[in-house]
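Heads up: the structure comes next, in structure tokens.
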Amino acid sequence: MATKHDKPKVGEEPARQDAPPAVLALDLKPGALSPENRAYFDKCQEKLGFVPNVLLSYAHDDAKLTAFAAFYNDLMLAPSGLSKLEREMIAVAVSSVNRCYYCLSAHGAAVRQLSGDPVLGELMAMNYRAANLSARHRAMLDFSVKLTETPHLIGDDDREGLRKAGFGERDIWDIGAVASFYNMSNRMASAVDMRPNAEYHGQAR
Amino acid sequence: MATKHDKPKVGEEPARQDAPPAVLALDLKPGALSPENRAYFDKCQEKLGFVPNVLLSYAHDDAKLTAFAAFYNDLMLAPSGLSKLEREMIAVAVSSVNRCYYCLSAHGAAVRQLSGDPVLGELMAMNYRAANLSARHRAMLDFSVKLTETPHLIGDDDREGLRKAGFGERDIWDIGAVASFYNMSNRMASAVDMRPNAEYHGQAR
Amino acid sequence: MATKHDKPKVGEEPARQDAPPAVLALDLKPGALSPENRAYFDKCQEKLGFVPNVLLSYAHDDAKLTAFAAFYNDLMLAPSGLSKLEREMIAVAVSSVNRCYYCLSAHGAAVRQLSGDPVLGELMAMNYRAANLSARHRAMLDFSVKLTETPHLIGDDDREGLRKAGFGERDIWDIGAVASFYNMSNRMASAVDMRPNAEYHGQAR
Amino acid sequence: MATKHDKPKVGEEPARQDAPPAVLALDLKPGALSPENRAYFDKCQEKLGFVPNVLLSYAHDDAKLTAFAAFYNDLMLAPSGLSKLEREMIAVAVSSVNRCYYCLSAHGAAVRQLSGDPVLGELMAMNYRAANLSARHRAMLDFSVKLTETPHLIGDDDREGLRKAGFGERDIWDIGAVASFYNMSNRMASAVDMRPNAEYHGQAR
Amino acid sequence: MATKHDKPKVGEEPARQDAPPAVLALDLKPGALSPENRAYFDKCQEKLGFVPNVLLSYAHDDAKLTAFAAFYNDLMLAPSGLSKLEREMIAVAVSSVNRCYYCLSAHGAAVRQLSGDPVLGELMAMNYRAANLSARHRAMLDFSVKLTETPHLIGDDDREGLRKAGFGERDIWDIGAVASFYNMSNRMASAVDMRPNAEYHGQAR
Amino acid sequence: MATKHDKPKVGEEPARQDAPPAVLALDLKPGALSPENRAYFDKCQEKLGFVPNVLLSYAHDDAKLTAFAAFYNDLMLAPSGLSKLEREMIAVAVSSVNRCYYCLSAHGAAVRQLSGDPVLGELMAMNYRAANLSARHRAMLDFSVKLTETPHLIGDDDREGLRKAGFGERDIWDIGAVASFYNMSNRMASAVDMRPNAEYHGQAR
């Protein structure tokens, strides 16, 4: 599971498949999983066909895995004025600023799937400003990217801009929370060189 | 509790104190707290003399408060190869890059308290490179700040540098995790203009 | 052909297909094509199934189209110590720095096709440093990206680095020429909001 | 002609003049020139008194020289809503951002000559914002410099700003094309350390 | 006095106090002071309880000390439309951009003392945008920080903004002069690693 | 003298010459000069043929003029391990980073005059890295430019680099002092839009 990887070189033979693929650049032994986390992994396997490598990466420490998964699931799946697609659009636009290979792969796939629009996923990953977005979505992503690039410059005008685009107080919290989360997650992935599951690349093209 | 604040102007009369001070720039009503979170707030009040405003900010949604507090407490308080002071040093050095008023105030106070060295807190907040740090601490903070500023440039050499400074695989995870977390927390504080509790400023000077 | 476009909004009905799709944000009438350029477009249609929109964009002025196509074809197709795939890898890595939607779409597809490795195309577009590249390719792309970001800092050491990675004098010229060209092409595409042909997105996934 | 140069050190004896001066930092042998390119060089010699080193630099490959010269001459000399001086002003303002010694020397001289205003050449090279420009010229250069520094941020508002300053659709193409070209040319010059002809420095002072 | 310092390591025994503490990272012998400068130092000692280390740093050359002190005292103490507190606010906001440990320590203390508001000093050092400033002070600091970060972009609009905020012609000069001075002083302190007097850290908390 | 200027537009009639030319963008009346400053201006007129506009700019306040001139003259003219040419080279390289029109004009002329090498002045203003400098001069300018761009990153290694290039402790002070000064002077010139005397542009070409 979470063991130090040797990435196959371009043009080389792929590594033999009898060992589980490595998912990060640290030599961390997988820890014992709680029954709840074991069930969570089983559910991932059943529904997605694989366990996302970000979860395998945290599996060296069951308590950290639990805390991360709870935080993540509330953020991305709990009821919100933002649709799940909108939350994924923020995830990808932020990950594009931070050039995070893991998150662009995984959440780019999510945008393609949730929107049914493969090109929308590409646009979020490449340059969201090239997309023909609604005023709501443009304001949402402009705020998220400014918060990513220059958080110290965010001020009342920026929040007011979101209100004018139709977002409520709680929506502003949620936009801030999702954009902030991917600034953490992008960096965690970079810190340990987390590798995306191969399945993401071809999904929903 | 968590209601939209009117900051007192410099030189003006302070706001009347019969209303609880506002802690963020969104008009969010405090939600009902679970017994566990109520007990958590009571414990804060008892041990610190106040409930940190970051917790009051999340209190508009009990589930989010629970998820945040669990994630935070594992990160900063669970056993680790990094001391609590070292985790706080990372918090402040990262918050300095992002110029986060809330986190510099709260975690600057923590560095002063845990180290018993008021000047160390100032150095972390102003420019950690001006401090006369051990090679271990310099490597730890250089990695954290590079991860903050240019996460896409982090590579094997950077992780190897931490190993050479004596950090183990799990320590590298923890450095990455703490630095990444404050990149989230700094931005969340900026997104909603979270205000630090007044108590922090004078602590441990 | 090259007329001002109205991009379909996300979630809206697509524009009616009885008018040819617009390819750039300027209202420029297609000019008369020379027989040679007409034959060139016919060959594109026959071999690719479409005429690349960059060529349609230049078609408002036959002389400019001729000059651009000649320059481009020499650069990307003439004999060189760099393979065609290597030239496309540079194209995408440079376009990633400049966040050029057109070039990432078109040349990302080319990397996928020429390499037979869909993930390599993603890596070049997202963050080439996350790919497990040979020393030759890493040096080639590091030079190209430094030339893109800080051309005024390129010096003898950078050229010497390419020589140590096995590149000859003419190869260095060609790396510089390809990286420089996409710094032009990315900006031209951004200046006029050039839209990639829809066909690129699904190719060679 | 185009051979690797040893730059004379400051305060040293100049290199002996019986060998033609080197023009770039690559050891590339001059190739055989086509009759057309030979005639082109002769015309340069006759009209300018020298062959610009950028042309000598490309002379290691006759096909590349042909393609470059055709592209360049269409761009800078063909009929356009932009005067030749305006195109040279863009060239210098872009080269100033990229700090390109070759292009600042050669095109700074061109601005001085075409305008008859030596100070205008200095202003374009140093900081065009310090010049007292017409609204047309300020808009033209602001667009060119934004396209140079942050091409991914160019949007409809920027093009609309040019229209409001009086530029037509084709003019916008031409502004984009000239600014984009010098982003290529600046980088090509830096990639190979192209040296400007000595004649430029004193021209039209 | 001004001799090369060995900073005490975190957690180490402090250096013995029978030698005067070093104030900069250059091995410069203190020079002979003129009677005027000797009297000036005596007055500092009497009024402040110490001689500021910036003065000790210049004391290796009496003429430089004289010129610096005269320039500084005119700037910060001479009659001006800006109060002394306002000048210190600019000093700290500029020093925050440049992350100057010496100036943030010394002038942060000055803001705390002159304003009687310890939090105001923190806000200037951490992020002045988080303070609830009057329009006058916000304009004054926005100008100062823009002048610090991108002096080449300052134009008539910026000066006009100061006029609209109520500043006169001479006030604009003074804002520019103070902001510019700390861009010098921050860099001089960084160039020689000037260390702030220990007294500053606890003042007026 | 120091009155608000109306810059002549490009291509317009020059302003009538019966009024003294304006030198800055603030409406500041020239103040009464002390006999010493009057003599200083007379000496400038006699030796240079004009009074530098930077001095006329300060002339609205005799005390500020005195303090500035004393500081400047000590810095640039007092005995030092750095030659006057070296100090001017630093001035121009720093002013190039800050894109200061006034200082590039005035000190570019000084480099041309003191070196007798017109091209050296151009190189300092355009990109000092393109010059074939001695190791001493390259180290001196690299330090000055790093101090200009990222003063917070200057550390012991940078000072040690200067020592290895042959500079003594006092020389390091002087390099830092000159580079720091022009970071002030560039910003003061930008703050008030100081205009260089016309005489500079043609000097020593």
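Note that the chains take the letters A, B, C, D, E and F in the order they are written out, and that residue 1 is the start of every chain.
The rule is simple: contacts are C-beta pairs under 8 Å (C-beta built on N, C-alpha and C of every residue); 3 or more make two chains touch, one makes a residue touch a chain.
Just so it is clear, the model here is predicted, and its values are computed rather than measured.
Chemist: If you check the contacts of chain C and chain D, which chains show up for both?
Modeler: Both chain C and chain D are touched by A, F, going by the contact rule given at the top.
Chemist: Name, by label, each chain that touches both members of the pair chain C and chain E.
Modeler: A, B, D, F
Chemist: Taking mean CA positions as centres, which chain lies farthest from chain D?
Modeler: Centre of mass proxy via C-alpha means gives B as farthest from chain D.
Chemist: Rounded to a multiple of 5, how large is the rotation, in degrees, that superposes the C-alpha trace of chain A on chain E?
Modeler: 120
Chemist: Using mean C-alpha positions as chain centres, tell me how far chain C is from chain F in Å, no decimals.
Modeler: Spacing between the chain centres: roughly 44 Å.
Chemist: Between chain B and chain E, what distance separates the C-alpha centroids? Give it in angstrom.
Modeler: 28
Chemist: Could you state the distance in Å from the CA-based centre of chain E to that of chain F?
Modeler: Measuring from centre to centre gives 23 Å for this pair.
Chemist: Counting only residues that touch at least 2 other chains, which ones in chain C make the list?
Modeler: Residues 99-100, 127, 152, 155, 193.
Chemist: Just spell out which pairs of chains touch, all of them.
Modeler: A-B, A-C, A-D, A-E, B-C, B-E, B-F, C-D, C-F, D-E, D-F, E-F
Chemist: Going by the contact rule set out above, which residues of chain C touch chain B in the complex?
Modeler: Per the stated touch rule, the residues are 127, 129.
Chemist: Which residues of chain E touch chain D once you look at their complex with the stated criterion?
Modeler: Counting only chain E, the residues touching chain D are 152-153, 155.
Chemist: Taking the complex as given, what residues does chain D use to touch chain F?
Modeler: These residues of chain D touch chain F: 7-11, 96, 99-101, 104-105, 115, 117-120, 122-123, 125-127, 130-134, 137, 193, 198, 201-202, 205.
Chemist: Would you pull the chain D residues touching chain C in the complex into a rising list?
Modeler: Checking each residue of chain D against chain C gives 25-28, 60, 63-64, 66-68, 70-71, 74-75, 78, 98-100, 147-148, 151-152, 154-156, 159, 169-170, 172-173, 175-177, 179-181, 183-188, 190-193.
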